[in-house]
Amino acid sequence: ADAEPIPIGAALPMSGTAAADGIEFKNGLDLAIEEINAVGGILGRPLELHIEDTAEMGADVVSQAMQRLIDRYGTPVIVNGYNYGTNMVEMDVAADSDVIFIHYNTLISHNNKFKEDPDRYYGSFQGDPPEYYYGPGLLSYLNGLIDSGQWEPANRKIALVASSVEYSIVIANAVREFADQYGWEISLYETVQFPTNQWGPTLAKIRQDEPAVIAVTHFLPQDLAAFMTQFIPQPTNSLVYMQYGPSLPAFKEIGGESVKGVVYSTVVGCLPDDFSEGFRTAYREKFGPTAAYLTGSQTYDGLWKWALSAAIAGGAGEPYDGDQARAVSASMNRLIYRGVNGICRFDPEGQSAYTFPAQTPDASLGMPHQFLQHQDLTQDPVLVAPPAYAKGSFILPPWMS
Amino acid sequence: MAGSDTPLLTCAQVSRHFGSLAAVDGVSLQVMPGEVLGIGGPNGAGKTTFFDVVTGITAPSGGRIRFDGHDITTWGADRICHAGVARTFQLNAAFDHLTVQENVQVAAQFGRTARRFPGLWLSDTTKTAVQEALEFVGLGAKRQMIARDLPVLDRKLLMIAGAMATNPRMIFLDEPVGGLNTDEIDHIQALVRKMQARGITIVLIEHVMRFLLSLSSRVIIMHHGQVIFEGRPDQVAEDQTVVETYLGKGAAGRLKSHFSEADHV
Amino acid sequence: MSDTTQTLPKAGKTLSGGRIDLLIAALLLAMAIAAPFVIESRYMMGQLILGLFWASVAVQWNLLFGYAGVFSLGQMAVFAVGGYATAMLAYYLDLNIFLAIAAGAVIATVFSALVGLACLRLQGVYVALLTYAIAQVIYLLIVTDTNCFEMVGTTCRQFTGGATGFARFGDFGMRAILKGDWIKGNYAIVLGCFVLSMLVSWIILHGPMGLAFKALRDNQAYAVARGINRFHTQLLVFGLSAFFTGMTGGLYATHFQAIGPGIFSISSLLFILAIAVVGGVGTFWGPVVGTIVLMVADELMREVGSFRSIGLGLIIAFAVVALPRGLVGRFSDIFHKHKS
Amino acid sequence: MSETKGTSLELEGIHAGYDGPDVLHGITLTVPQGQIVTVVGPNGHGKSTLLRTISGLTARRAGRIRLGGQDLTGLRPERIAALGLAHVPQGDLLFPEMTVYENLQMGAYLSRDPQQFAALLEDVYALLPRLKERHGQIASSLSGGERRMVGIGRGLMAGARVLMIDEPSLGLAPLVIEQIYEVIGTLREQGRTILLVEENPARVAHLSDVMHLLDDGRLTWSGAPAELLEREELLETYLGG
Amino acid sequence: MDILIAIITTGLTNGALYALATIGLSLVWGSMGMLNMAHGALLALGGYAVFSVATTLGLPVWLAVLAAAGAGALAGVILYICVVRSLIRTAGKNFETSVMIATVGISISLQNALLQVYGGQPLKQPFGVSGAFRIGDSVVPWLNVVIILVSVVVMLGLALLISRTRMGRAIRATAQNREAALLMGVAVERTYLQVLALSGAVAGICGVLVSSVTQLSPTLGADPMLKAFIMCVVAGLGNLPGAVAAAFGLAMIEAGVQFGMGARWGFPVLLMLVIAILIWRPNGLFGRAQIRRM
């Protein structure tokens, strides 16, 4: 126990617009470290967390934050949640310093950058699938609903509502790009301010359009709740699909009755199964009943997977020790890890987690793209797809006929 | 006065309206080269506004202004300055946060000719002009003082130095001795004479009659934007309207006795 | 001292002022040159480079506001224009990065001069709003741009880079030359450009241009009556300060190998203003001192974890309240008290 | 000094200044009730500073000021004004975005009596008819002389027991100057206490009860106006004959 | 018709929120020459004050709204005592920039203090009105009506206070010439204190209304503050009625554009309008050119 601790770095938005998530990412790491240390750490060395605040998260801030973790604390690994607006410069910091870098930016640009020079970016991992797969994921889910007779759309129109941040726009674009292929038409593409709370004009347009699906890729829970409260008094016969926000407790809390029936999906998030029960309880106990374990679960899994890989590789190594870092990287690629978010197996092409089912038909080889629906507001949302994990089935939202 | 018979400045029916108020109302006058023209008149008569119009600070609402053969009616203040017209201001304008020397440098560097590019350093002409102008008014010793801290007299001198540094052919002085005591008035008076001796044409506004009348070769009295009197200095106190609207009995009396004394001497 | 604007009375200032500036410059430069030989940490070098960027932008903003009295909130937009232009030229046209930076600076200059024209009849806070609105419009049009311009692999990218921005359009080439010490090479380039910009700024401020700027600031109508052309001078002020701001933007983009719309954010703009105000608005060294102080304060505040932002905010507020004329303003006050 | 009844304004050993060294070096002077006291002196020697120090605008560094026996030490300008002292400052200090009327209204800020206000306004308009003509005009657009009129008119609107005017004649037409001094005379008849600052002693000699010569922050001569006008050498040295 | 009502509802609601944020900001700016960058943080403070009082202490919501006004006013007073008072004395001509940056600092601290206390996850604002009424086919929530009414009442009250009372005159006089106001017997320091307290109280109430729509997060004031800054200036500095008019007018246009051209264009078009207005009228829509005679 008196072995020298291994410093673990994390560059997280602990203040500013994204602070809420930053705090959860830190919680996830705290919990994982507590558990890992309880079983003796990595080869006898306990872990010790160091956080750098990335506040508004520009490329400069984030790369400097990571560099500081490396220089100041000698962290052989940096596990971030998401930082947007960085253009993935983090990967250069990691590459220049030979450290392992795991993040949940959920960006296809990670894969693209990795492909440019796999040898250089060997240490950079995206712990979840890129946002790009939201497109095919959503469309094939919709078609599944139709095929199985659970829903009969009035038309084949989708209204896309994105907000002006990279993440939201890339998802919307992915949906737009694949729509044709899956037999859908994008009848409306609105980009709203980030943040937005007065949906009047946008809703007026949607009402004119009466699409079969309204897909909102903006993700702030309070804004999405506002969308629903403004939508419900005068609804259209459309399925409402949203992004990320509905998974946070605040969405239900703020939106109340009007969020009933909303479908949302996430390519990463704690599964509502028995396996993750322990994690969920521990998380809520430690960080309070409103803590968003769905967010914290990401870094939690990431760190666990790294810890196991490092142990297999014979140690965590330290910055600028390329050999050991490559060894750890190799074992990370090797290890298929079942965490509370499902399977984490890295795609050698882009070093991001595989997604299931869009990328692989085998549920045991990809992270499930979960579709959930708010059904009974006294309960947690119900996982309705993919079938291998589903806990219930889709029900027609109350406003639809 | 002396010089040639073509006027240096010609104003034809110049007016300036502010809404319904005609601050300057159809003023026509000519100023001959080398002349000293004095302007008086009640408060708010439009004297300063007339200066503003001629020197391009505000645009006229009507009329034409010619200076030295050019129609300057629509010119901007900077262009008029380059043409050789300088002025001082009633409320003692200055670049408050610059030193005395810098204040004059601005005028010397930019006031003489139009410059598209200000240049990287001060030209030699500028340096000598600054030196001369400061010596002209006697502010040489205070060149490093910040303008804001100057007492009234020095601010007035600084404005005159700035005006002189632009190498003007004609100069407009707006109440150059307001708030000064007798000694200081004499100092300014001497300066004006020196300017006159250099061949500069001068127009001045002043309420201190002794100063105005003893310097001017011709006097105009304005009222409600119009010229109500034009004539020799010694005739001012004789004019009934001028006495009633502007001078008052007391001042008129003192002036009359002043001029009659002068006659006797 | 150099801050001719609002302090110091009397006494052969111009002479000794120049000499003091030279002394300070030599001292700072010596330290800056020694830094890479002393500092091993890449992070510290990175912070120094970042500091040079911020100082440079703050110096140019100070030229606009502190000397010419133009309260511009478009400074980060000019910076971004420089950065974006560099990135786009290198990305789309494969222009050599150093040429791209130079071109970016020129484009930023033209952009800023146009903004200056729009502001011609405005004063004070109206200038602030206009410049801010222009910056914000550009920002919004970039982030909400979703039209595909070309496909990169499987994703579409917008002409403006959209919400993502640009990355990997080129770098200084120092990784190839210096390997692990690449950051020192970057530092040398950035420092060189910074020194150049300081030198040019000094010459401008102490010559007729500085005089014209200050005269217009103090009393516009009087300045015009003394022959200063408002139009030319306004273009000059906006253009000059933009050239080096834009160049810094290009260097920034190249150093971080990325530029995105986040750079328009109000928080980075306010940080620049805070630097200038804490250091001393209208003083030559103020922005440099301000950068050092705020970056050190920020560094120290990292130790208090989650209270970092609270602490930094309080430090800024306290610094302003305690030194209303900025650090450099305060120093020169003391200095002049001693002299007189 | 004892609290002499009937003495309205007393200064004792006043030192004051701005950022730098003292501008006033120990001024002692009394303005008895119902009298006009005039301070004359060359430019930039502290006359305005003296008035500003009395009304509290400029910090006093040493000495005492009493108004009607009450100590003004440590009082802020608004309290001093409330005690009945009105100050017409040099440079007018108008409210530039208010109309002439509103400026005059501010002059009577402390009085809550509408009748008194109406009466005073009528008086001021009668004295300075120009102001009535221009009552709706924004102060910043006024001519130099009109500003001075607003400044003086606003000072009169306070109906204060003690009135201080800094260079009343500055920039005014001769006719108006005459009228202003007439009114100042009337105010004295009404028992007001008045402290004037003037550049030219001759202008106010006939009005003043006592004159002081302020030179370089010190009172170098005090006496009756007639005496001063006879003292050629003083006039010569300090005021330029 | 349907659409028109949606646009009008959005326009009026946003207009009311912008206007309320604007007068709080404009009041301080117009009378003290102080751009209070912490105004947005005061909005957030007001919102959270209601939350704490209603949820934690269990007091009724209307009382909680008073608490928000109180908290805002108190923050204004503290701001005056700790920051503004000394800057007014010492900063001189640097006052405007100094106080702006100082309040930026305060704003950062206050926002992050709220983050530390309440956490970053959005919270539900207990002040709210449920239900809606119908006009033809379209539905207008009562909440929007309440927002519009409350802000109109607050604005009218404030307008009367400024234009009709002695206090209002004192505020205007102080704004235009501090020394002169002192000479007239205006207690300038007290006036400043009153102004900041008043503006803080308005900010508190505004924060409650804003957060009844946006819910509570430490940054909830940022957007209204930005809009307020724009309205304030575009109307012409210190012109309260003008600012209110600009707020409603521009919010309507924004909503119209969002519908007509797409949400993406709402704010940019509004800003381009602002740019055009400023180029056309350099002193704002209702501002008067400052006359500087020499």
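Here the chain labels run A, B, C, D and E in written order, and each chain numbers its own residues starting at 1.
FYI, a contact is a pair of C-beta atoms (placed from the backbone, for glycine too) under 8 Å apart; a residue touches a chain by one contact, two chains touch by 3 or more.
Chain by chain, the UniProt names read as follows: B, D = ATP-binding cassette domain-containing protein; C, E = Branched-chain amino acid ABC transporter permease.
Every value quoted in this text rests on a predicted model; they were computed, and no experiment measured them.
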| item | value |
| --- | --- |
| Labels of chains that are neighbours to subunit B and to subunit C | E |
| Most distant chain from subunit E by Cα centroid | B |
| Where subunit A and subunit D are represented by their mean Cα positions, the distance between them in whole Å | 76 |
| Mean-CA-position distance for subunit E and subunit A (Å) | 36 |
| For subunit D paired with subunit E, centre-to-centre distance based on mean C-alpha positions, whole Å | 43 |
| Rounded Å distance between subunit B and subunit E, as computed from the means of their C-alpha atoms | 49 |
| Per-residue overlap in subunit D, given as positions that touch at least 2 other chains | 141-144 |
| Two or more partner chains touched - positions in subunit A | 15-16, 164, 191, 193 |
| Contacts with 2+ other chains: residues of subunit B | 48, 57, 89-91, 93 |
| Contact pairs between chains, per stated definition | A-C, A-E, B-C, B-D, B-E, C-E, D-E |
| Contacting residues of subunit B [partner subunit E, same complex] | 48, 57, 89-91, 93 |
| Parts of subunit E lying in touch with subunit A, wherever the complex brings them together | 2-3, 6-7, 9-10, 13-14, 112, 115, 119-124, 132, 137-139, 141, 213-215, 217-219, 223, 255-256, 258-259, 262-264, 266-267 |
| Residues of subunit C defined as touching subunit E within the complex | 6, 65, 71, 118, 121-123, 125-126, 128-130, 133-134, 136-137, 140-141, 144, 219, 221-222, 225, 266, 270, 273-274, 277-278, 281, 306-307, 309-318, 320-321, 324-326 |
| Residue ranges of subunit E touching subunit C (in the complex, touch as defined) | 35, 37, 82-83, 86-87, 90-95, 97-113, 116, 226, 229-230, 233-234, 237, 264, 267-268, 271-272, 274-275, 278-279, 282-284, 290, 292, 294 |
| Residue numbers on subunit C that touch subunit B, as the complex places them | 4-6, 8-13, 203-204, 207-209, 211-212, 214-215, 218-219, 221-230, 232-233, 236 |
